[in-house]
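Some structures are shown below for you to check.
Shared chain: subunit A. Partners: subunit B in the first complex, subunit C in the second.
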Partner chain A sequence: MSFLSAEFGIFLALGLVAFYLSPSHWRPSVLLGMSYAFYSSWSLPGTVLLLSVTTGVYLAARWIEGRSAEHSKFALATIAVAGLLLVLFVFKFGVSLAGIFSARPEGIAPGILLIAPLGLSYYLFKAIGYLLDVYWETMPAQRSFVSLALYLSFFPQIVSGPIQRAGDFFQQYRELDKPDSDEFIVGLRRILFGMFKKVVIADRLGLLVATTHSHPSGFSSLELLTGAYCYSLQLYADFSGITDIAIGLGLLFGIRGPENFDLPYFASNIQVFWRRWHMSLTSWLTDYLFLPLRMSLRGLGTVGLSLAIMINMLAIGLWHGPKWTYAAFGAINGVFMIVSALTLKARNKFFQDHAPLAHIRTWAGPLLTFHLMVFTHIFFSADSLRLALTYVVSILPAIRRTGIPAWRLNWPLMGISVQTFLALCAGLAAMEAIHWGAKQTYWRGRFISAPRLLRWGLYYASILILVLSIKTTMTFIYAQF
Partner chain B sequence: MRSSDRRPEAKARIVPLLVAFFAPILLAWVLLEFWTAKAVPDSYALKRQRLEAQAEQVETLVTGSSRAYQGISPKQLPGFAFNLAGTSQSLDCDYRLMMMVLPSLPKIRRVIIEIQDTSFFYQIHDSFESWRQYYYEQEWGLTPLKLQDWLDVRMFSRVALRTPQFYRQTLPGAIRSFLRGTRFVPDPSLLDIDDRGWWSAVGKTPDLTPGGAAFALARHASFMKTAYESPNIAYLRKMLSALRQRGIDATLVTLPVSPDYSIGMNKEYWARTLADTKSIAAEYGVRYFCFLNVPELGTQDFFDTDHLNRQGAIHFTKLLRQALEHSLAPDESSCACCSR
Partner chain C sequence: MTKTDIQRQLTTVFRDVFDDPRLELNDSTTAQDVENWDSITHVDLIGAVEKSFGIRFTVKDIRGLTNVGDFIRLIASLVK
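For the complex of A and B:
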């Protein structure tokens, strides 16, 4: 059941009625029932795994909390976290390893089915974070099984995140009996905006991307460059779209999830970019991986810092799956981050000493950062390293060896018309303007206080454009992780 | 303190507000459901209407996927032929459709069953075109094979089933008719199917490059699964048994694809398909014509790497007619391209 399907709409409507008509003490159970019903519509074995993980984490947290000896707590926490990492490893990496060690062309013995269940990376990271928080005594272990089960399975967040911290979730969980009607309206607005981004912008860009990325050798340098830009923009619209939907759905039930994006393509450098992109994952990794690593490697000085950054970025890359392209994505970003971190002081000093050049930095920084990300996304989007390198080489007019003119721009061949492309550019500009405006108290207030006729007219127009833009369902890019 | 705690009246006003907002959307849905979505026939409804209108005359029936839907022009076949093939129509649909229509075709004497490289390895409900199964449900009454697909809203609603392209094409006309107070009559040219169920595809510059073939092959590979091989072969056997019981001639045929497509096909799967098809043809005493590579067809005959265009379809169907009229004994069932 996809968030964009009509049956999900019916499921949601029935769920909302059930939730709000229930006595307040039953609401968590209703929401948990909805979450498991939603998840089981994807996979029944996956649901069994989710329930097993939840039970294990519930018991492990209680045991960790119940021990008084530090070494005993440490041993239990280590075993529990290792167990969760093992589950992640088996399901995410099992298929690839089986392929490497198997002589069969399909790579895996018949009858063995190892497919990573939907949202595995998301709920396992939540579970690991929760266990570590209990171990570090930053929060108590949950007494209620329902509350923990709901935290791990909360249906708006299980498909593509955001990865909400346990403490934040449980604090809101306690207020489920006090629904907020204003937040409800905000939730509906976020869902509409997310669907608009996904269906109208991302899926249209996806048409062009699917064409150029399927056989790069058939396109000119300029067409491939356009395809690369469009992929980065598609990824952003797609992922921020599903995040908006997830946050919006959560708000309908009184749970506000964390934000995942903060105008990332306007980041002044690569470090800032990674603080504004997939924020719930990067902040999770910063707290539970980078900072502990940084502390343990601090004796090594610059080398230690570089090592911590590289391991962190590789973890971000490989979190997406066991592919060399994801490893390359992480490694290249790691190199960019290290160079950026090690030269930051020198750059700051240079621009302080050359004040007239400082204003160039304000626009050149985001421009350069965006292009660095477009480059790394070529690896992220490719099916193999070979394809990624072919794509990169095919972009370079001096190296490519095809008869296609390097500067050709044949829109019909790329799968969309120039009018559609221009409309998409306008849509992207509007999307970023809304993102920017939503952060400004003044503009947010102006919008909310605008006449209802105007606001509703805008909503109805958006719904109409959305309905007329739907094509055969494309899945959310981040739902596969 | 949260905003609702400050303004308790907010809770009271949200329900009427939601009703007021969603009521026009619901109303629009209901109007569309009964006003345009049902009023404008789709290719599936049209095919059924046209078959039922001419059922008394049909002597030859064509089943298969889009390759047959586009590639076999019934008017070039001997006798009165009707094309029942459809885009992504898998063997399970072929079987169920055929069994449904056979009793209403008194003159039927031949069924042409298309077999292609994907035929044994996919079923429509488990592909990126799974949405088409609901057209078969709504127009033909073929229920989905998977129980969980029965919960899909497209089982019951044409509005949910129709594509936005359909609304872009029909909605302006429907609104104009509504404003004028006249009955909405859809533009018949929207559906490019002839009276024999054939879709004559024209007006596109084909991408016959290796890249184009790789794109099509990758799309097909994405839904091909060995798990469907046995069930699909069973469906083919059931079709042939049913036809044999009724004394109806069956012919298996593979349609042409571009050279780059045929080179890129999954060799193992295709070898299995070819071997199974030949073996089944021999077992049931039916003829199998494999036209995978036809030198007589050139770039100008293709719609894309694995579909013929109007001109190619007419050209190919004449070749098929020649093969059908050739007095080959059943046990001489031959693969045209392989035996050349």
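For the complex of A and C:
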């Protein structure tokens, strides 16, 4: 049951009625029932795994909290986290590793073990974070099984995140009996905005991307460059679209999930980019992997820092799945991050000493960072390392070996018309203007106080464009992770 | 060491790590208030504080820190 299906619309409507008609003390159970019903529509065996993990995590947290000796707490926490990592490894990495980072080994039929259950990485990361928080005594173990089960299975977040922290969720969970009608409206608006980004912008860009990425050798340098830009923009519109839908759905039930994006393509350098892109995953990895690792390696100075950054970035890459392209994506970003971190002080000093050049830095920094990310996304999007390298080589006019003129720009061949492309550029500019405006108190206030006719006209226009753009099958890029 | 002594010495460490001789700290100062205080410089800061005060932090120690006030209390509990 996809978020964009008619079945989900009916499920949501029935769920909202049940939730708001229930006595307040039943609401968590209603929401838990909805979450399990939603999850079991994808896979029943997967639901059994989710319930088993939840039970194990519930008991482990209680045991960790109940021990007084530090070594005993540490041993229990280590066993529990290792167990969860093992589940992740077996279901997501096990079979692919048997084929050495390739597709399913020949002769093995598709089966339950070959398909990672939906949302596995998301709910296991939530579970690991919760256990470590209990071990580090930054939050108590949950007494209520329902609260923990709802945290791990919460249906708006289980498909593609965001990865909400346990403390933040449980604080809001305690106030489920006091729904906020304003937040409900904000939620509906977020869902509409997310669907617009996905259906109107991301899927249209996807038409061009699917064409250029399927056989790079058949396109000119300029066409491939356009395809590479469009993939980065598609990924952003798609992933931030599903995040908006997830946050909006959560708000309908009184739970505000964490933000995942903060104008990432305007980041001044690669370090800032990774603080603004998939923020719930990167901040999770910072707290539970990078900082402990960096603390353990701090005696090694620069080597320790570089090692911690590289391991962290490889983890970000391989979190998406066991493919060499994801490993390359992580490793290249790791190199960029290390160079950036080691030279940041010197760069700051240089621009302090050369004040007139600082103006150039304000626009050249984001431009360079965007292009570095477009480059790494070529690896992220490719089916194989070979295809990624072919794509990179085919972009470079000096070394490409085809008879196609390097600067040709044939729109019909790329799958969309120039008018559609220009409309998409306008749509992307509007999307970023809305992202920027939503952060400004002034513009937020101006929008809310605008005449009702204008606001509702905008909503209906968006819905109309959405309906006209909708296709029969739509999947989100990040739903596969 | 008194709280004032710790805060004074800590301010010197912060100014050195963040390369800002005018940096001022108070109990409610957080990473949001100090330019370039991110996850990478955070451990540089931890290392510099350890060296300056002759103490050693664990991951568990630094997990609970939310502001400079917490940091000062943690240092006070570790210095002899």
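Please note the rule applied: the second predicted complex is superposed on the first by the 467 of 481 C-alpha atoms of A that agree within 3 Å, B and C clash if a C-alpha of one lies under 4 Å from a C-alpha of the other, contacts with A are read in each partner's own complex, and residues count from 1 in each chain.
The working rule: a residue touches a chain if its C-beta (ideal position, glycine included) is under 8 Å from a C-beta of that chain, and two chains touch if they have at least 3 such contacts.
What you are looking at is a predicted structure, and each value in this text was computed from that prediction instead of being measured.
Peer 1: Do subunit B and subunit C fit side by side on subunit A after the overlay, or clash?
Peer 2: Fit - subunit B and subunit C, as placed by superposing on subunit A, sit side by side.
Peer 1: Who wins on subunit A residues touched, subunit B or subunit C?
Peer 2: Partner with more touched residues of subunit A: B.
Peer 1: Which of the two partners, first being subunit B and second being subunit C, lies in contact with A:Ile185: first, second, both, or neither?
Peer 2: A:Ile185 contacts subunit B only, not subunit C.
Peer 1: Quick check for you: in the superposed arrangement, does A:Ser469 touch first (subunit B), second (subunit C), both or neither?
Peer 2: first
Peer 1: State whether A:Leu305 touches subunit B only (first), subunit C only (second), both chains, or neither.
Peer 2: Touch status of A:Leu305: second partner only.
Peer 1: Centred on subunit A, what angle do subunit B and subunit C make, from Cα centres, as a multiple of 10°?
Peer 2: With subunit A as the vertex, subunit B and subunit C sit 180 degrees apart.
Peer 1: If you stack the two complexes on chain A, which partner ends up touching A:Ser268: first (subunit B), second (subunit C), both, or neither?
Peer 2: neither
Peer 1: Is A:Ser217 touching anything from subunit B or subunit C once the two structures are fitted on A? First, second, both or neither.
Peer 2: After superposition on chain A, A:Ser217 lies in contact with subunit B alone.
Peer 1: Which of the two partners, first being subunit B and second being subunit C, lies in contact with A:Ile10: first, second, both, or neither?
Peer 2: first
Peer 1: With both complexes placed on chain A, how many Å separate the closest C-alpha atoms of subunit B and subunit C?
Peer 2: It is 22 Å, taken between the nearest C-alpha atoms.
Peer 1: Enumerate the contact residues on subunit C facing subunit A in the complex.
Peer 2: Listed in rising order, the residues of subunit C that touch subunit A are 19, 36, 38-40, 42-43, 46-47, 57-60, 62-64.
Peer 1: What residues on subunit B touch subunit A, complex-wise?
Peer 2: Listed in rising order, the residues of subunit B that touch subunit A are 2-5, 10-11, 13-14, 17, 21, 24-25, 128-129, 131, 148, 151-154, 157, 160, 163-164, 167-168, 207, 209-212, 214-215, 218.
Peer 1: If we count contacts the way the header does, which residues on subunit A are in touch with subunit C in the complex?
Peer 2: Checking each residue of subunit A against subunit C gives 136-138, 271, 275, 286-287, 290-292, 294-296, 298, 305, 309, 341, 344-345, 348-349.
Peer 1: Quick one: which bits of subunit A touch subunit B in the complex? Just the residue numbers, please.
Peer 2: Residue list for subunit A touching subunit B: 5-7, 9-10, 41, 175, 178-185, 211, 214-215, 217-218, 413, 456, 459-460, 463, 467-473.
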